[in-house]
Amino acid sequence: MGGFFGVVSTLKESKADLFYGTDYHSHLGTVRGGMAMLNGKSFQRAIHDISNSQFRTKFDNDYRRFEGTSGVGVISDNDDQPLIIASHLGVYAIVTVGVVTNIQELVKELFEHRPVQFSEMSRSGFNPTELVAMLINSQESFEEGVRYAQSKVQGSCSMLLLTNAGVLYAIRDRYGRTPVVLGQKADAVAVAMESCAFPNLGYKLFRELGPGEMVRCSPDGVETVLPPGDEMAICSFLWVYFGYPASSYEGRNVEMARYRCGGALARRNPVEADSVGGVPDSGVAHALGYAVESGIRYARPFVKYTPTWPRSFMPPDQTERDLIAEMKLIPVPGLIQGKRLIFCDDSIVRGTQLAKQANRLYNDGVKEIHMRIACPPLLYQCRFLNFSRSKSEMDLATRRTISEIEGNDTDVAKYRDPDGEPFKEMVGRIRQRLGLSSLAYQRLDDLVAAIGLPKDKLCTYCWTGEDISKPAGCAHGCSRCERPCAAGSPQA
Amino acid sequence: MGGFFGVVSTLKESKADLFYGTDYHSHLGTVRGGMAMLNGKSFQRAIHDISNSQFRTKFDNDYRRFEGTSGVGVISDNDDQPLIIASHLGVYAIVTVGVVTNIQELVKELFEHRPVQFSEMSRSGFNPTELVAMLINSQESFEEGVRYAQSKVQGSCSMLLLTNAGVLYAIRDRYGRTPVVLGQKADAVAVAMESCAFPNLGYKLFRELGPGEMVRCSPDGVETVLPPGDEMAICSFLWVYFGYPASSYEGRNVEMARYRCGGALARRNPVEADSVGGVPDSGVAHALGYAVESGIRYARPFVKYTPTWPRSFMPPDQTERDLIAEMKLIPVPGLIQGKRLIFCDDSIVRGTQLAKQANRLYNDGVKEIHMRIACPPLLYQCRFLNFSRSKSEMDLATRRTISEIEGNDTDVAKYRDPDGEPFKEMVGRIRQRLGLSSLAYQRLDDLVAAIGLPKDKLCTYCWTGEDISKPAGCAHGCSRCERPCAAGSPQA
Amino acid sequence: MGGFFGVVSTLKESKADLFYGTDYHSHLGTVRGGMAMLNGKSFQRAIHDISNSQFRTKFDNDYRRFEGTSGVGVISDNDDQPLIIASHLGVYAIVTVGVVTNIQELVKELFEHRPVQFSEMSRSGFNPTELVAMLINSQESFEEGVRYAQSKVQGSCSMLLLTNAGVLYAIRDRYGRTPVVLGQKADAVAVAMESCAFPNLGYKLFRELGPGEMVRCSPDGVETVLPPGDEMAICSFLWVYFGYPASSYEGRNVEMARYRCGGALARRNPVEADSVGGVPDSGVAHALGYAVESGIRYARPFVKYTPTWPRSFMPPDQTERDLIAEMKLIPVPGLIQGKRLIFCDDSIVRGTQLAKQANRLYNDGVKEIHMRIACPPLLYQCRFLNFSRSKSEMDLATRRTISEIEGNDTDVAKYRDPDGEPFKEMVGRIRQRLGLSSLAYQRLDDLVAAIGLPKDKLCTYCWTGEDISKPAGCAHGCSRCERPCAAGSPQA
Amino acid sequence: MGGFFGVVSTLKESKADLFYGTDYHSHLGTVRGGMAMLNGKSFQRAIHDISNSQFRTKFDNDYRRFEGTSGVGVISDNDDQPLIIASHLGVYAIVTVGVVTNIQELVKELFEHRPVQFSEMSRSGFNPTELVAMLINSQESFEEGVRYAQSKVQGSCSMLLLTNAGVLYAIRDRYGRTPVVLGQKADAVAVAMESCAFPNLGYKLFRELGPGEMVRCSPDGVETVLPPGDEMAICSFLWVYFGYPASSYEGRNVEMARYRCGGALARRNPVEADSVGGVPDSGVAHALGYAVESGIRYARPFVKYTPTWPRSFMPPDQTERDLIAEMKLIPVPGLIQGKRLIFCDDSIVRGTQLAKQANRLYNDGVKEIHMRIACPPLLYQCRFLNFSRSKSEMDLATRRTISEIEGNDTDVAKYRDPDGEPFKEMVGRIRQRLGLSSLAYQRLDDLVAAIGLPKDKLCTYCWTGEDISKPAGCAHGCSRCERPCAAGSPQA
């Protein structure tokens, strides 16, 4: 998915803030990272592969060499960022987080102008950040440019622009799908996606940007350039999986929302067991909530080997990925043999690893495995953020099951109702395939309540297929389409 | 402290076992790592600094280049390991874990022989492993040599020797202060310090070595060369802090012992509170046990930023270490403001970080902080393993407090009795200095019970100053000395 | 200055040709290198700093990882190359060699179009290759684009374009200031700046491009797209200094031209001496020619330490550069003490090192030093290629001397005539400042004769200030201006 | 072969002297390098593989990090050096240059002592420097130890010892096979193998050590500890090939000796030709001497691509080595086509590359190739220095030819006489195999005269098979043996 951090200040310590602040977004991506710092009128920049070493290790030399007090940093998905762009608007650094699903159309449109070119083609395909910059540069001011870019991009796009005059613009996606938060200390303003980046760096959370809002930050303060819009569709999955436990979005803390998720699961799907555990790390907080509500003790039948498996590395080879999945968790036999275990996890994507772990537990002598999932079944692949969790909708455990039942998966919508027979049939089959004693998913209304925001402020597309946006070429608004409409599904 | 892993087999996959098996000891050291693999009659070897990057990242190239089916690996404290030694006994690789506190005497004695020399002086001072090898080589067989080395070394020494004939010797320290466990699968035998290294690599835990036992391992099986001794003094701190939760020593699992530790703390020192939390990562399991016993919910007012702070890096500069201590934990305000919190931790060494965290919590609006420590107060610095947790006894919070009360710290022994007034005075002052609402330490008998072994099998020196060994120059046996006797304290 | 190599073929071995062929241009630059290879429809690319390690060492990993049979490589001055560009013309890799002295004007002009932007701003300032690509993309075909770019660029620009359809375009600068040569073997066409790159890779020199000529290369052959122009101004300094001895341009070999240069110097400026030597490496071939003509033995009073000082590294710090200048040459005392020595060198830029070396020779006991320079005095700084030999015209030994004589250096033209008094006065003063027994420069007509091309085909601007081009804003044509006219001097 | 440099001083600049001084020995080895610097009482050390990058590039970081004013550096063959040794004599750094051909015997003897061990076994086999150190440590003082080591080692051994008390001992091999020279400047003494390391670092050549001499160097001066012996056998090949042109040994400069070599070849073997050239780099100076004596012009029909092929890299794979041999030299067609060329080279080992180059020249149109070799035919493989030029005597062009003539090569001695028929037959066959128009070798008396030392001071073993030493087990002294006697030939 990616995340960014920016700072504008007059303080020498801001270099450390940029370094550590960007690092605090490392859970949002494992492939590439970048930093740019303004030194006088020009930028220093570094971009590294972080797939086999952590952000701080890779950027340590750059960090020492950089000079300045303002900069932007990013954990990105695949593309090189930050870019340093020169245009009629001047010279500036830009980072973006989101996904552009209509790249091909936009490029085609832009190529009608001469002599438009894209220079950042060194990795595979067009660099979405370069594209967004060009949309901005097609207008006569940053404000107009940002508004124009937001109107053209399908998907989502939050961004930071740091001009070589030392102005930092922060822009939240049009529908606020990703959060953008402002922090402040004397003589410094910082912008982050994760509010948890602030307290250890001495920033007070100042405020969150509204959907589509654009602000102009200087060491002296923050000024709104484009006001927030009325419509919001912030990603629910931030609370379920992506977000860091210590962060809050729209005032709702992640850790506590997960406790409530677990609590709801326990109320709705009680079962007798010896202990409740969370699949590390994403299921832990859900499980803690479950334990409190159910009165069943929380225990760790699996311990993650955090010293060297802190996060999922991304080797290109699937065999190696499987190996890693099995290596990072170590069983505690005394907590498994002859036990009835409840496990909480954030979601089921393909279900492959889960099936393997269940199988291992049976070999290790477990008596029962009861799986509790913190969100409803994933039925639709995200079109608004760059989820890397599944490559195609067809990989989803649900879709494969529906295809199995129906022969095809065209009639997905009927599997959304948790009280309907199709839903029960689908879940039953998934349970069986995974070899579980019982399997229960969160209900959407329970999830919404656990998050604590009105349902119409949340994006729930991956469970409902409905969305606030009305992509070009869609007559009735995509929110009424059962499947991604003509505008097409996201690119690989 | 350090840890090792060895494998002898006829299987190609053993290279991966060596790589991942050694990696699973990474929590035991953060400075240096090494691997040696036997290829035909000669050894391939690699040693790297792992202070700023993980074992696997640093050894990835070596891993690919190595060829063979038997090898030894080590996470070491400071010294280069494995060494490849040639002597009249042949050519072999050696790794050791422990500490040698009488290096200077041993070297002086060895220099009486001509033409003895030490070649591994490139880092600071004598390499203890080279010294131990020389003690072995001073005798006419590996068996006699190992017995001789064990009799000469003050401190402790577990080790692995892999000869270029493909025989792997595993030796546990004379008093079994560190564990050595054997794992087996078809055509392969593995030796580890942490039994948690076995399940993911497909080894069945075969058996643990007894104190001072030496075994000869080949792909076909294991044969005892030196039988185990009667006396045992296994380090209690393995269960309190060092050991990995999924490991067991002498049949006692770490995670479960910690649950019992927390349970005992809760029974013995009840207090009303809103939640119980563990100081990550070492206090977590203790806190889970406390929560179950007390009925108070477990919650995480601090979340560790595991994606990039998986373990404590060891920058030489104390300022930077402090910075890191503050960076790795992120507060969750909603779980802190106006709350009465219980925290469990493994132990208090200097107490500096704890005081800072307490202060921060008060700034964040906490109402009460109740600290529960999983072991008794640390009064004596370890002389048997290379603890890097404090540089000198004088750094210990207890010793500083005693000095404050008494003007000096000569009369330490009277502070051992948890029911005595001196103990209460000491703990009271520590509580006050750290700014805690309440502070309670585990009682030694509760700790021993939680571990589940007879007290006389455990080393409890750091709390009692008494030990099974009778160092040279100590008339009455060190177990009766209040302080390290004439034989001297461990070297810096 | 920089150099490039490209290959288009169906052969697997072409990857090696690209690697070694680019490497054979290493003498033309010491700062950055790059390679791009077409794999299917997309490009693999690598760019590295080569200032402290050689091209092959730095690109070895990329070389192994690349796949394909067609590619382009470059040794560049400062800027990142190759760029992979996408435009309405498609996706292609581009490398350029030359200098663009009117970047600011061109950028300003381009910014009048929306939404033009430059993305390659990460190093200092605009990337000239990105600019040239944009000029090409402003037209409707590669042919028109190249013609347009050539008409707009002040300075010079030879280039290679490799489209992702596998077509390689090679374009020589409008006035042919740099050479571009074609080589051929079965199923492969290669393009180079240095013909010496061909024989060891098995290519036959097929033909040289004419000035401004553009060809379309495919594995099957070469087709002219834009015909060569009539006017040529190939850089004379290629024969004097830049070019590799084994190369030929316009059919004239470098090594042999240098022998003739040395011969002419000997005929025109005879002197008695014990030996003739060349200042390594640039003066060696000139000196060999001098020795033959004069009958005085060639000897090496200085030997370059080639094993580790193969080329001049470029540390940013002048102190360190001076150190290096002194470290790379080692004196042979027996060839110096009491001797009368003739030294040949290609040219005198600032003269600083030469003065130091002369001083050292006197300390080592030399009797006489006679300096012979292979070209006339450098009076004008190059405006057509990116010479990095002096930072400003004011650094030139000649200009400083003229300023000394005249109080300013406005009247440079009168110092061009080698038979005039001003010239003699200038050379006399330089000789004196450098502490030489005698100093003689080549005469321009002798140099032209040694090269062997008609004078009107050669650029001699650095000696005469006259040029074939008529820069914008220059009423009478720059060839009649004594100094760079209003169009301005090259950028720093 | 290897080379070393040491410095003992009170000057801060000595760190640079050590770095650059060691680097100036890079032509003596291409595999490993090392440096150790004394900082207070302890040593900093670095050892790197220099097979794919130069000494300075590889040691740059160490150079910056090191602190101190005294140190030793080495270019070594294969083994790790410097070693930091602790023994009853204290702690010291040691480097050695030479070869130990009786390692196995010495080790066996040492293993009779307990508890002798060798710790530096990580690369293949025993580290000769560790062995030599142990021989030294077997005695009661450095003086006695060095004398003992020299008496035990078969082969040769020059060395430097730097004690942690800041004393630098320099020892030349017993027969002075390698040179050791002393340089001096205020407050600093340096020791080198190549005197050319001194002038650019500001050292005056103070004096050369005699055979077997041991001196004690301090910043204040040099004191003889063991006086020089009477017998000398300095390697003649230093002047022919190994030595750097700017160096002198026993007062005889290398460059000038090579001029005399070439002169003698011209006098003894005249032939008409268009030019004389040297096979780069080893044949150049010989060819310059030939040109002067013969009156035939010196020219470069091949130019070495020095910018990136400064020295022969050592890839393990022979195919790649052959590739490199062909890549580093570039032909100049105009100096080849239709020409009669004389080439000088230092020696012929296997002759393989020479045959290939000759073949290429014929393809390029050469008319005649006359080869002149600066020394007599190599008949015996060196047993006194670690020549890496041939792997076995059987590889030598001479031996293969003798085997061809005789059916075996037992009767080698009769091929030594340049006036005998066997010699002429052998040379004639080699000439034919290599495809040369003519081939002439230097006569030994001409070579000795060119060097300028008495024949009995020179080692000429590789041409005569006779040597000054009387190895153990050789009844009549090896100088009378036709072939290496029972003491055995050097190890692989």
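Order of writing sets the chain letters: A, B, C and D. Residues in each chain are counted from 1.
Here is the rule we go by: a contact is a pair of C-beta atoms (placed from the backbone, for glycine too) under 8 Å apart; a residue touches a chain by one contact, two chains touch by 3 or more.
Not measured: the values here are computed from a predicted model.
Chemist: Can you list every chain in contact with both chain A and chain C?
Modeler: none
Chemist: From chain D, which chain is the farthest off, judged by mean CA positions?
Modeler: Of all chains, A has its centre farthest from that of chain D.
Chemist: What whole-number Å value describes the gap between the mean CA coordinates of chain A and chain B?
Modeler: Between these chains, centre-to-centre, one finds 38 Å.
Chemist: What is the distance, in whole Å, between the centres of chain B and chain D, each centre taken as the mean of its C-alpha atoms?
Modeler: Each chain's C-alpha centroid was found; their separation is 51 Å.
Chemist: Report the inter-chain centroid distance for chain B and chain C in whole angstrom, where each centroid is the mean of the CA atoms.
Modeler: 63
Chemist: Can you tell me which residues of chain D touch two or more of the remaining chains?
Modeler: Residues of chain D touching two or more partner chains: there are none.
Chemist: Throw together a list of every chain pair that touches.
Modeler: A-B, A-C, B-D, C-D
Chemist: Write out the stretch or stretches of chain D touching chain B in their complex.
Modeler: Residues in contact with chain B: 42-43, 45, 83-88, 91, 107, 110-122, 124-126, 130, 133-139.
Chemist: So in the complex, which bits of chain C are touching chain D?
Modeler: It comes out as residues 20, 23-24, 26-27, 52-57, 60, 196, 199-200, 244-246, 248, 253, 255-256, 259, 281, 285, 288, 291-292, 297-300, 303, 305-308, 310-311, 326-327, 329-335.
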